[in-house]
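Since the structure comes first, as structure tokens, the remarks are kept for the end.
In order of appearance the chains are A, B, C and D, and numbering begins at 1 in each one.
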Amino acid sequence: MIGTKDRPLWLHATSDGSAALFLIPPLTRELDPQVIFDINVHLHYRMADPTDILLQIEAAELPDQPLHHANIDLSDTAYFARTLAEDGIGNRIWMQVQGDFVCDYTSRVEVTRPVPDLSNLQTGPLHLLPGDVFKYLMPSRYCPSDEFQSYVFEEFGHLSGGARVVAIRDWIEGHFRYLPGVSTSQTTALDTFVQRQGICRDFAHVLITLARASAIPARFCSVFAPGVTPQDFHAVAQVYLDGAWHLVDPTGMASADSIAIIGVGQDAAHVAFLTSFNYAQLLEQTVSIDVPNL
Amino acid sequence: MIGTKDRPLWLHATSDGSAALFLIPPLTRELDPQVIFDINVHLHYRMADPTDILLQIEAAELPDQPLHHANIDLSDTAYFARTLAEDGIGNRIWMQVQGDFVCDYTSRVEVTRPVPDLSNLQTGPLHLLPGDVFKYLMPSRYCPSDEFQSYVFEEFGHLSGGARVVAIRDWIEGHFRYLPGVSTSQTTALDTFVQRQGICRDFAHVLITLARASAIPARFCSVFAPGVTPQDFHAVAQVYLDGAWHLVDPTGMASADSIAIIGVGQDAAHVAFLTSFNYAQLLEQTVSIDVPNL
Amino acid sequence: MIGTKDRPLWLHATSDGSAALFLIPPLTRELDPQVIFDINVHLHYRMADPTDILLQIEAAELPDQPLHHANIDLSDTAYFARTLAEDGIGNRIWMQVQGDFVCDYTSRVEVTRPVPDLSNLQTGPLHLLPGDVFKYLMPSRYCPSDEFQSYVFEEFGHLSGGARVVAIRDWIEGHFRYLPGVSTSQTTALDTFVQRQGICRDFAHVLITLARASAIPARFCSVFAPGVTPQDFHAVAQVYLDGAWHLVDPTGMASADSIAIIGVGQDAAHVAFLTSFNYAQLLEQTVSIDVPNL
Amino acid sequence: MIGTKDRPLWLHATSDGSAALFLIPPLTRELDPQVIFDINVHLHYRMADPTDILLQIEAAELPDQPLHHANIDLSDTAYFARTLAEDGIGNRIWMQVQGDFVCDYTSRVEVTRPVPDLSNLQTGPLHLLPGDVFKYLMPSRYCPSDEFQSYVFEEFGHLSGGARVVAIRDWIEGHFRYLPGVSTSQTTALDTFVQRQGICRDFAHVLITLARASAIPARFCSVFAPGVTPQDFHAVAQVYLDGAWHLVDPTGMASADSIAIIGVGQDAAHVAFLTSFNYAQLLEQTVSIDVPNL
């Protein structure tokens, strides 16, 4: 049996108790739609023993990315709990599964977020940072920003705020090779900085690290974006400038107006799409994103 | 000029605008006082250039550690802002200083917190963890818990919950050498685990790391404790068991009923007593703690 | 065209210049054969561009492991050079290949080496160490022994010499899990020590590291050994006790009297079976070892 | 009693058996003296327990740096042994001391080595590398060159041989800050590469690492050089080009014609001036170098 206290209106349990259905009435808004896309995720894992898992794969509902509809079908679970994810953006689902775990998620997202011109944005005075943004100035597991203070001063010391972020982004995009298979779940930004290769997760970690070393708050975003190759979950960074969070993709594959945010956190550890507290065997995993307007 | 919007009743600016005085009326409570102690901190730094600093040195006011009185005198600053610290425990002070920075902090704290018998406490089901506790299961800059899952299974797999925490604490206390000077601000729990030596910060990082690798939420606490040698700011861990946070000191120097918490965070990076965003020269720093009842 | 100045008698170039054949006359010796085994190695790689490679896959000819016969067939190369490998044990082959690189190596080795009782062997006085053994006391890329001095003192301080090596070997064998796929070519002994899992290379690195931290010289050996699962190149350690090098296998899979040494070095970096100075695609690699007497 | 089998003619034991005196008759040679300098080293350590130490502080006698005279006075030792150091360059002295250890070393060295124009030197074909040079292509404890292959290809891929070494040297000299106190004996080239600061040892490690990642053999040299600030033991790199070893100082403080080599090795671990196998307390250490011609 599946249930959720947090958002009961969204839940329509199927007759066999094995699925959760979320229906959201279409929004009437006046903004011109920017990009609308359809997301399909299929996961199939196998767990020999009863295994606690934490799932974070749904596009968050946010003012600048309303959901037209969303549905998640999950195989049987010993329990089900939805909790708010980091900074109140998106949800995490706790389950306990054994045997085959299958998840099918579909949604239609409209992204109304404009693409900012980062180079004109400023870092405000540090003492005006909101209390809950401060932690994004600090080093984290995969983003040891404390090691890079001399480096950013040396290389980017003539720039500040958004202009520095743009220079860092361009430098990463120009000098790093997108190469699946060379990094692991333990690869840090320091490893990637030296090796100059990796995947979206690694690129985002480097940008976040260099931003924090520059005293610019930065966080990790797990996202959906059309046109990413190979099509999969994608990861980008957000930097805090002029009092708001702004998306930056150091791989150059996605722009802010066609990104659907799943969740945010200090680094990849905090927004894994699947965290399993026991051994889980991957059988199949596909992510597809279609832009029906195109 | 110094000011704070958050807790205006505490602030009595001195005539020259260079100091902040906090007075709290004595509390009338019925709990037997457990331990009362007087804290004095004196800091003296010198900054050549205008330097943003973040100060976190005041004992937090908490239900189980009421403050009888507290006072902080600070030298001149270009601005002053108080913000709530991590998890709403304690405060941080933002300042911008140039030249000599002097801080004198005094307070009387009463600690009414009982010492729990950790070995009887349980880890609850993961899906009942509050959303804001989840991040304390994840690896952080100085606590790469993802590396230690095989180790804790191998060495402590026969124990769970509080009993496991006690075994980890005893193992650290029994096998690690308290040795100032061998670790730096970049030393991680992995370094300390291998080198078997360090200071309170390092001991706490190891305990936190092994707890998180055991799927027990754990966080870092910056504290005051009488009897710590050498007398200085002290650091311990907190673990989340039976729905609450419990103090553990793997150095064996302090117990829960004589610890005054300053702040909490994922690891030392989040609760440094002084974070300086430019070069700061240490001239003097003393911490003294007296227990007047003794 | 293939040639070698070092051991010209071994070389019989085939008519198309693409192969090297080594024939060694049977030895007449009076030692009882201990273990005789037949080694077959097949390698198939593909290099898009002209690629310098260094091959180290032949059983070394040593007093306690005479070769009955040996043969190596190599595909075409722009040049060919044989050099003595580290400490004069075994050979390395330099080649420059493009396109398909195929290597077939077969040999029969007799191992007459006794199995020592390590626990009775002593570390001699340091100042009597031969000058060329000293480097095996020092940390190397994968064996950061300088980090482990407190640890070995704490855990093995009551033992010395061979008795300590035996205790370290037994501890590794008893507490580490042999698990292919969790380590990479960049995994160090420190990583493995913490994660408690890996393959033969990783186990050997940990033993070498803890021996060196104990001021016992230790080096890495690339070897062939029958009965290793999965059958592949194997790696063990050698420690220097009572004035000689002694084999130790911390995986427990092989003993000194059934190990054929290929080469030795400070750690895995120095005795890789194939070092490629450009991109090489693995197509096939098999190692088989038969013991005809059994 | 002190003695040495290796170079008995150099030894004049003092009456109390506590010192070793080396006298070398002046050389008659026809080369114009390039630079002559007088070296004085004074060490004073204290060891509570009997402690094996390894000393490597004497200028090596080499064809391009003849010694006019040399003298070393050592306090009492339980034994004394001289061994050839790495690659047969210079000596190491083994001693066992307890209580106060005092060493006074003086020598006059003439450096006749020309300063090569590195940019015209070539890397020869790999297969012609001497067998004992190969290890200087491999990563070592403080020089994890395997991590930097993409980086050197990306940044210096348009250059080869000596021209690449010059570009790397200039880049380090131009972008790194010489800053005592920020690195420790465990700092690797990877740390320094990221932090962009350190001392001569760290600068040399970075150059060696980037050379090896470029398939150019490189080793670490412990040296004396006049004009180094602060005056102390100095460290530089040697790269192997056109069949010979060439000195490079990435700090820019010394040039090949005014450097007296003490010893060489894979990295700092192999040529420490003092390696102590027990706790040693530093009381005093001075190095002075005078150029009498100036």
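Heads up, the rule we're going with is that a contact is a pair of C-beta atoms (placed from the backbone, for glycine too) under 8 Å apart; a residue touches a chain by one contact, two chains touch by 3 or more.
Note that the structure is a prediction, hence the values are computed from the model and not measured.
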Taking each chain's centre as the mean of its CA atoms, which one is most distant from chain A? D
So, in whole Å, the Cα centroid of chain A is separated from that of chain D by 50
With chain centres taken as the means of their Cα atoms, state the distance from chain A to chain B in Å. 31
Could you please state the distance in Å, as a whole number, between where the Cα atoms of chain B are centred and where those of chain D are centred? 45
Listing for chain A: what residues touch at least two other chains? 147
According to the definition already given, which pairs of chains are in contact? A-B, A-D, B-C, C-D
In the complex, go through chain C and note every residue touching chain D. 52, 54, 79-81, 83-86, 92, 94-96, 125-131, 134-135, 138-141, 143-144, 146-147, 185-186, 215, 265-266, 269-270, 277
In their shared complex, chain D is touched by residues of chain A numbered 147-148, 150-151, 154, 175, 177, 190-191, 193-197
